[in-house]
Structure formats: C-alpha cells, structure tokens
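Before anything else, here is the set of structures, which you'll find just below.
Next, two complexes with chain A in common: one pairs it with chain B, the other with chain C.
== the complex of A and B ==
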C-alpha cells in the first residue's frame, strides 16, 4: 500500500519504481551542491598535490595551510554529507514506496547545510580560519567558522531525522512487506552512525564557538581531540556504511546480482552500528591523556568486530556478482565471470574498482596502522593520508561516482553526453588515486610527515630532508594526484553537462550502460543456478595473504627501531 | 494457521529504533564516556 500524495509521485520509466517528487527535488538539490563542493575540494586537491611534490612546491606556506583546510572540509564533510543525505532520501522513499515525511523539514535541513557550508568556505578563503579541518584548540578561527560547521551538523541531523521519520511512516502505512530491502537497511545503519557523529560535532563545536566569541574558556585540548574525532573519524564511518550500501545497489543495477544471504549481510551492518565508531580512537593512540586499556579495547578487540563486518561485505558483494554471472553461463575457470563483467559500464567499473582499492589498499593499511604498537611508526606521517585516500577517495568517492552515473538518468531524467569518455573515467580516477595513495604510503614509511608544507625544511640550521628514494615516492604521489584530478574533473564536466544540458529521457527508459550478455536461456539459467563462488574465494585468499605479508612486514620494521633483547 | 515466531536476531534487525539506541549507547560509553573518565582522572603534570 502506497502513502504517496496525489500528483506527488511518478513511476520510473526504467526500473518501474515509484519516485516521490518531493524527495526527487531534494535529491537533486543535495546532489548538485555535493558536486559543487566536490569541485572546490578537487581544485584544492591539485594545488596541494603540486605543493607536496617537492620538485614543484607550488603554494607558499600561508596558502598551503589555507587550501589544506578548504580541501579537508569540502571533501571529507560537505561533498560526503550532501550526497549521503540524498542517498538517505532515495532509500527511504523510492525503495520503501513511501512519500518523504516532510518537505518543510527537508528545506530546513538543506538551508542550514548550505548556509553553513558557504559560511565556512567564505571564512576560510578570507584567511580567517587557517586551522586545518581538525581546528585543534588552542588554534582559534573566526567564530563564523565554528558556527558554519554547527549549522552543517545540525542541518544534516535534521535531514537524518527526516529519513528516520520517513522510515517510520513507511512502516506505519505498510508501504512495504516484511523487512526493509538490504540497501535501505544499510542506509539505516549509515544514519545511526551519522546521529552519533553529529552529536559529537555539536558537543565539541558549540563550546569551541563560545570560546571563539569570548564567552567561555578554551576547551581542554585533550578533551577537544577526544570529542572532535568522534565527529572527524565517525563521519568517515558513515561513508563506509553508505559506500557498502551503494556497492549492493550497483551490483544489482549493473549485473542483476542479489545478496547471497540477507541475514549475514544485515548482521554485518549491525556490527558496523555497534563497533565501527570506536575506530576514532586510532587518532589518539599516541595521546598521553588516555590509557592503554582504553586504546587497546577501542582500536583492537571491539574494532575488529567492525573489520569482520567489512570482510563479510568484501566477500558477499563480489560473490553475489559471481553467482549472477555464472547463472548467465560464465562458468569457465575461476574468473571468466569477472573478465566478462560489464567493465564498459562506468557504474560497474567504479563500484568494482572501489571495492578493490578499499579492500586491498585501504583495508589492509587501516587494520595495520590501527595496531597500537605499529601506529608509533606511522602516526602523523604521510602513511595516514595514504590510507584514508584509499578508503574515502578510492573507496567512497569512486563508488558514489558510479552511483551518479545512474542517479542522473534516473532521478534528473537526463542523459550523459560523451558516453565513451564516461566509460574510461573511473579507470583514470582509480589509477590516479591508487598511485597517489601508494606514493604517500611509501614516502610516509620513510618518515615524511603529513600536513607539512616543506619536508625539505629549507633554511633550517641543521641539514634535514629526505633521500632521493623518498623523493621518487613523493613524485609518484604528485603524478598520481594530477591523474586523479584529471579523472575527477572529467567526472564533474560529464555530470554538469548532463544535468544542465543533457537530453531529457522523460517518458522512456534511460539509455542503458553496458550490460553483461547471457550465454544461456532463462530456463537453463534457473536449472543451473549455483550459489558457489570459487573465484571470489580465491580473491579473498589473495587479500588475506597480502594482509599477512604487509602486517608482519610492519612488525619487522618495528623491530628495526625498537630492539627487544 | 499460526506463523513461525520471529527469531530474536530478526526482531533486532527489523527494529531500527533499537538499532539506533544501541548504536548511540555502545560507542558513547566505550569511546566517549570512558575517554572522559580517563581524562578526568589524569593527574596534574609535575613541572620542574
């Protein structure tokens, strides 16, 4: 039973799903703003890459820290939060066959978010907030900076409330039967994590704003760091959860895959809800204010349950694609299902490359760097940005790009131009971000600090700097950054051209991206249905072997600096 | 015809409000509150 208001719903001409027109409006608004913030963050990114590449060293120190502040906030907060609110509205309305709970609440959320984000960016451009994204006290920014972040946080929380209220009315009005679809369940998990994240944001930013106004004492730096990372890192866990939901959605849209086991996949999301937020403690592993028990419990024992969840998703998502492909007749050998996957479909290539980069680079480095003993080797080095550019950019952003290749034709009802360029765009971006992440990781292994404007320490009284091998890795990082920027700019140009100037597909199905051909008839496929996934099992074994080698290589590196007799 | 009772885990999976409550409670207690207690019990530095 639907609860849509009269003339406030349309049926998607491609999927046959109902689209709430109020939700559609806000998905479009949030989507456009997200891409604008992505562009601001991308321009900042290329300036940073060309500064941290010592052979170029483009910006002066003042502008470097200003642009670094801008980059972090636009990429890690604004781009991600705007697109995630769009995903929440989509999941709660289209996938649950429900109307959006409140148009007024959606307007309030959107206006607070956009006003806050514009305030923050303006203040940063004015040079009144060169405090980096973390804005650690006692560094002080203009009060408008903190107020802007508070507005973004409260606005997002309001959007999340609208999502939960929509889930409530959908259940009350029985717009769906049984359990919510898996993608909606993942969105619920992301929204729960977002609530915790944004509450931490409010708790830390409101007293800091009071301090900047001169109404209160400066927050204690140790307290600030503890609570701020409840915002800073947990917001990235919202990303992980939303990204995994997008993987499941894109696996279905591009290959017709179905989740192998609903209970297992949902249990993995519950492990995220309960334990993934504890990863914030990684940032405090060298802080003296919190003890070893707190650090080890939060970053190891409890956190590994969230890692288990990622490993479950990392298996079930490609396994579901393998099962779907084998049902089409791609049964030869271990990997014919993968080599015959729709690699010319940007939705598929973006999703699968995101899965590989997130798992093989982001996941392996994350678990290793989060180990308390090994962390002492890597803390505040360029290895940390090397890790999170693989998770947040190579993982989340790339997956969201794949989603947008479907959102534009299905929600904006516009077709992409230059479809052959769109076909190769995810590869350019993925190659660039992989090179950049590897360059950062190896340069960081040589001790190159993160965030630092001049790692050569020009003008220092004592000779400092790094050897030529390290410069090679910094050069690879720079070149990877340029390539990733080309991929990102291509994506933005394609999206803007489609949204504002693309041909309308109203009244007909979207022009399909490449889809895998079936080698068997439908009846044969049903008869031969087999849920085994040996190819995925081999990929998982390769991942675990790579993890073991990387993990123990780091312990070996630790023994080089810390002799145990 | 009576329906099979729901498995307790399925009841949890189908209850977003319980998930929301647990999702707030576990990280706030384990990370935030425990961290605040650690910081509050930190002795003053013995400066020279």
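== the complex of A and C ==
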C-alpha cells in the first residue's frame, strides 16, 4: 500500500520505482545548492594548493587563512550536508514507496540551511571570521558566523526530523512489508549519528555565540575542543555511514550486486551507531587535561569496534560485486570478475575507486594516526589532512560523484553531455586526490604543519625550515591538488550542463552507462550461482598486510623520538 | 538487492570467507587496542595529558622568574635559559613567539611546563617531529628526556592569527 497523494508521484521510467514529487523537488534543490558549495570549495582548494606548493606560494597570509576557512566550511559542512539531506529524502521516499512527510518542514529545513550557509560565507569573505573551520576559542569571529553555523545545524536537524517522520509514516501506512532495504538502514544509521553530532554542535556553538555577543564568558578552550570535535569528527562519521550506504546502492545500480549477508551488513552499521561517537578523542590525543586511559579507550572507539565495522563493509561490498560478476560468467582466475567490471561506467569507477582510496589510504592512516602515542608524530602536521582527504574526498566525495551520475538522469531526468569525458572524470579526480594525499602525508612525516602559510618561516626571529626532500613532497601535493581540481571542475561542468541544459529523458529510460555484459544465459547464471568470493579475500588480505606494516612502522618511528611522559 | 526489501529470513550467521574475515579483523582490532596500554607502561613516548590550571599572567610570572634566575645568554633578543637537570623548565607560547630558548642536557629529564598567554598554540619540535597541544589556562607538563644533542626548532602548528608562521623558538641540547 502506498501512501502517495494523488498526482504527487511518478514511476521512474528506468527502474520502475515510485518517486514522490515533493521529495524530488527537494532532492533537486539540495543537490543544486550542494554543487554550488562544492564549486566555492573547489576554487578555494586550488588557491590553497597553489599557496602551500612552496614554489608557487600564491596567496598572501591574510587571504590564505581566509580561503582556508572558506574551504573547510564549504566542503566539509555545506556540500556534504546538503547532499546528505537529499540522500535521506531519497532513501525514505523512493526506497520505502512513501510520500515525503511534510513539504512545509522540508522548506523550513532548506531555508535555515541556505540562509545560514550564505551568512557564514558572507562574513568569511568580509574578513570578519578568519578563525578557520574550527574557530577554536579564544579566537573570536563575528557573531553572525556562529549564528550562521547554528542555523545550518538546526536546519539540518529539521531535515533529519523530516526523514525520520517519513520513515515513521511509511511504517504506519504499511507502504512496505518486512524490514527496510539495506540502503535505508544505512541512511537511518547515518541520521541517528547526525542527530547526536548536531546536538554537540548546538551545545558548543550557542555559548560561543553568546560570548561573541558579549553576554557570557569565553568557553574554556579545552571544553570547547572536546565538544566541538563531537560535532567536527562525528559529522565525518555521518559521511562514512552515508558513503557506505552509497557504495551498496551503486554496487546494485552498476553491477546488480546483492549483499551477501544482510545481518552482517546491518550489524556493522549498528556498530557505527554505538561506537563511532567516541572519536572526538582523535583530536585530543596530545592535549593537556585529559588522561591516558580516557585517550586510549575513546580513541579506539571502545576496542576498535567501529573499525571492525568498516573492515566488514570493506569485505562485503566488493564481495557482493564479485558474486554478481561470477554469476555473469566471469569465473576465470581470481580477478576476471574485477577486470571485466564496468570500468567505463563513472558510477562504478567512482564507487570502486572510492572504496580503494578510503580503505587503503584513508582507513589505514586514520586508525594509525589515531593511535594514542603515535599521534605525537602526527598531531596538527600535514599527515592529518593527508589522511582525511583520502577519507572524505577520495572516499565520500568521490562516492557521491558516482551517485550524482545516476541522480541527474533519474531524479532531474536530464541526460549528460560529453559522456566519454564523464567516463574518465573519476579517474582524474581519484589520481589527483591520491597524489595530493600522499604528498601531504610524507611532508607531514617530516613535521610540516597543517594550516600554515609559510613553511620557510621567512621573517621569523629564530630561523626554522625543512629540507629539499620535504619540498619535493609539497610539490607533489601541489601537483596532485591541481589534477584533483581539474577532475572536480570537470565534474561540476558536466553536472551543471546536464541539469540546466541537458536533454530531457522524461517518458523513457535513461541512456545507460556501460553495463557488464553477461557471458551466460539467465538460466545458467541461476544454476551456477556461487556465494564464494576468493578474489575479494585476496584483496582484503593485501589490505590487512598493508595495514599491519604501516601500523608497526609507525611504532618503530616513535622509538626514535625523545622520551616523554 | 540493497535497495529492495530483504527476504524474510535475512537474519543469519555469517559463513565462509565472510566469517574468516570478521574473525581476522576482530583479532587485529584487539591487537591494536592492546598495543596502547602496553606502550603506556613499557614504552618511552606517551602523552599523559598532565596539566594544571594556571592564569596566563601567573604562568608568565613563572617564566619571567626562570629567565631572571637561570639565564645564560641570549640570541636575537631571546633569553637562553638553562634549567637544572631533573627540575622544572618553562616555555611560553604567545602571538607570535616561543620564549625563552631552553638549553638542556642530553639524557637528563626535565618537567617542561608549556602554556599560552593568549590563543591556542601547537608545540612542534623539529626535526624530531614531536607535537603537543597548548591551551591558555592550562599548564601542560611534559616530562621529557632529550635523546640527541643539537639545536632544535620549536614552531607553532595551531593557527594563531596572521603572524602564525613567524612563531618560532629553539631548544639546544648539549
């Protein structure tokens, strides 16, 4: 039984799924705004890359920190939150065959988010909030800055409420029978974490806003860091959750993959909800005032149970693709399923490259740098952005790009131009971001600080600096940044051209991206169905080996530094 | 399919490769967890977060006192202080310098008190690459033992305003 209102639903011409027209309107609205913020963040990104590349050193100090503030907020908060609210609306309506709970609530959420985001960007451009994304007290910004962030947070919470209300009415109206689909389950997990995250944001930002208005004392800087990272780090865990859901979604859309064991996938999402919230500690590992046992317990998310969850997804996602491909007849050797995957489909390549970059670079470095003692070698160095550009950019943003290659034809009902360019775009972006991340990581290993305008320290009273090898890594970072920017700009141009000027595909199925060809007939595939995934097993063993080597190499490096307690 | 309602009997235990991988992952997670308490007791490099409340002006006074009583010279106008081995050493971060320059002895331990007069700062020792966070109002005590001789730079790696990149200091180990 569907609960759609009359004339407020259409059937997708490609998938046959129902699309609530109200939800579609807000998915489009949020999607367009998300891409605008992505563009602002991208322009900021190239300026930063060209400033931190010592041979170029483009911006002056004032504009470097201003643009850095802008980059963090637009990329990590606005682009991601706008697209995530769109994903939530999609998951709760189309996949549950339900209408959106309320158009009014959706408008309220959207208006608060967009007004807040514009307020923040405006005060940053005016130079009244050169405080970087974290705005650590007692560094003070214009009150409008904090108010804007509070508005974005409350708006997002309102959108999340609309999502939960939609899930509720779908259940009440029995629009589906049994358990929710896996992608919806993942979206619910992301939404639960988002609520906890945004409440932390309110707890820290409201007193800070009061202080900026002169109504209250400055919040304690240690307390501020603890609670702010309850917002700052957990919002990245919302991204992880949303990204993993998108992996499952794209695996299905591009290869027809089916989760091997739903209980395992869902348990892994529950582990995220239970344990991932402890990760605020990752930022406080070399802080004063919090003790060793607090640091050890929290940084490990209670014995790494949230890491276990990611390692499980890291297996089940590629394994589901392998099983689907083997059923198509790609049974030869360990990897013919992978080499014959639809690599010319940008939805698939973006998804699979995201999986690889997130696992092999982002995941391994993140857990290692978040080890209590190893963090002494990494805190506030370029190793940290080297890590998170591999998770949130090479991982989350790349996965969301893959998703958008389907959202535009299916939800906007517009076709892409220059489809062959779209085919190579994920590779350019992935290569750029990987190079940049590696450059940052190696430069950071020499101690190069993050958030720093001049690593030559020109004009400093006591000289400091880095050797030529370190400069080489910074150059690699800069080149990677340029390449990633080219990939990102290509993506934005393709998307904008399709959304605003693309040919409508209303009334017919979308022009398909490359799909895997089947070597066997339908009946044979059923008969040959095999749940084993030996190729994936080899891949994850290689991952684990790389993990072990990197982890212990860092302990070894730690033995070289001065003794400290 | 991940976008469809699962079959009714979806709740079942993992089998085959999936089960092996979950077991392997769990073992690895526990190894990583155990490493930290082990290192806390056996290792030489730990961040215990020892800290005391201190008013910035009060901390400033302690730094001034160490400069008056233990100064052994100066470089570019920055006093060089030689604290007693085994004793307390003070380092003050402010926009945009670290002071004083500290002269330490190799293989001797010091209780290094680091705090800030104004904003948050990052204590980063180069080229050793050791990093600690510094907050105003917190006397962060690092019990350090230099293991190499030479001249080391201290830089700031937490954004502290427009002159952040000018904030440098020095530690000399003999």
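By definition in this document, the second predicted complex is superposed on the first by the 556 of 565 C-alpha atoms of A that agree within 3 Å, B and C clash if a C-alpha of one lies under 4 Å from a C-alpha of the other, contacts with A are read in each partner's own complex, and residues count from 1 in each chain.
Quick note on the criterion: a residue touches a chain if its C-beta (ideal position, glycine included) is under 8 Å from a C-beta of that chain, and two chains touch if they have at least 3 such contacts.
Because the structure is a prediction, the values reported are computed rather than measured.
Chemist: Would you check which partner chain A:227 touches, where first means chain B only, second means chain C only, and both and neither mean what they say?
Modeler: In the superposed model, A:227 contacts chain B only, not chain C.
Chemist: Return first, second, both or neither, reflecting whether A:378 touches chain B, chain C, both chains, or no partner chain.
Modeler: Second partner only.
Chemist: A:164 contacts which: chain B (first), chain C (second), both, neither?
Modeler: The answer is first: A:164 touches chain B but not chain C.
Chemist: Between chain B (first) and chain C (second), which, if any, makes contact with A:298: first, second, both or neither?
Modeler: Touch status of A:298: first partner only.
Chemist: Based on the superposed arrangement, let me know which partner A:196 touches: chain B (first), chain C (second), both, or neither?
Modeler: In the superposed model, A:196 contacts chain B only, not chain C.
Chemist: Just to be sure I read the superposition right, which of the two partners does A:67 touch: chain B = first, chain C = second, or both, or neither?
Modeler: Neither chain B nor chain C is touched by A:67.
Chemist: If you stack the two complexes on chain A, which partner ends up touching A:319: first (chain B), second (chain C), both, or neither?
Modeler: Touch partner of A:319: chain C, not chain B.
Chemist: Between chain B (first) and chain C (second), which, if any, makes contact with A:364: first, second, both or neither?
Modeler: neither
Chemist: With the two structures laid over each other on chain A, which partner does A:274 touch: chain B (first), chain C (second), both, or neither?
Modeler: The first partner, chain B, only.
Chemist: Can you list the residues of chain A that meet both chain B and chain C?
Modeler: Chain A residues touching both partners: 179-180, 220, 222, 263, 284, 289-291, 294.
Chemist: Please name which positions on chain A make contact with chain C in the complex.
Modeler: Within the complex, chain A contacts chain C at residues 17, 61-62, 65, 95, 130, 132, 136, 138-139, 176-183, 220-222, 225, 248-249, 251-253, 256-264, 284-292, 294-296, 299-300, 303-305, 307-308, 311-312, 315-316, 319-320, 367, 371-373, 375-381, 445-447, 449-455, 457-464, 466, 531-534, 536-537, 540, 544, 547-548, 551, 555, 558-559, 561-565.
Chemist: Of all residues in chain C, which touch chain A in the complex?
Modeler: 1-6, 8, 10-18, 20-22, 24-26, 28-30, 32-33, 35-37, 39-40, 43-51, 75-78, 97, 101, 109, 118-120, 122, 124-148, 153, 155-170
Chemist: Given the complex with chain B, which residues does chain A contribute to the contact?
Modeler: 164, 167, 179-180, 185, 188-189, 192-193, 195-196, 199-200, 220, 222-223, 226-227, 230, 234, 263, 266-267, 270, 273-275, 277-278, 280-281, 284, 289-291, 294, 297-298, 302
Chemist: Using the touch rule from the top, collect the residues of chain B that touch chain A in their complex.
Modeler: Answer in residue numbers: 9-10, 12-14, 16, 19-20, 22-24, 26-28, 30-32, 34-36, 38-39, 42.
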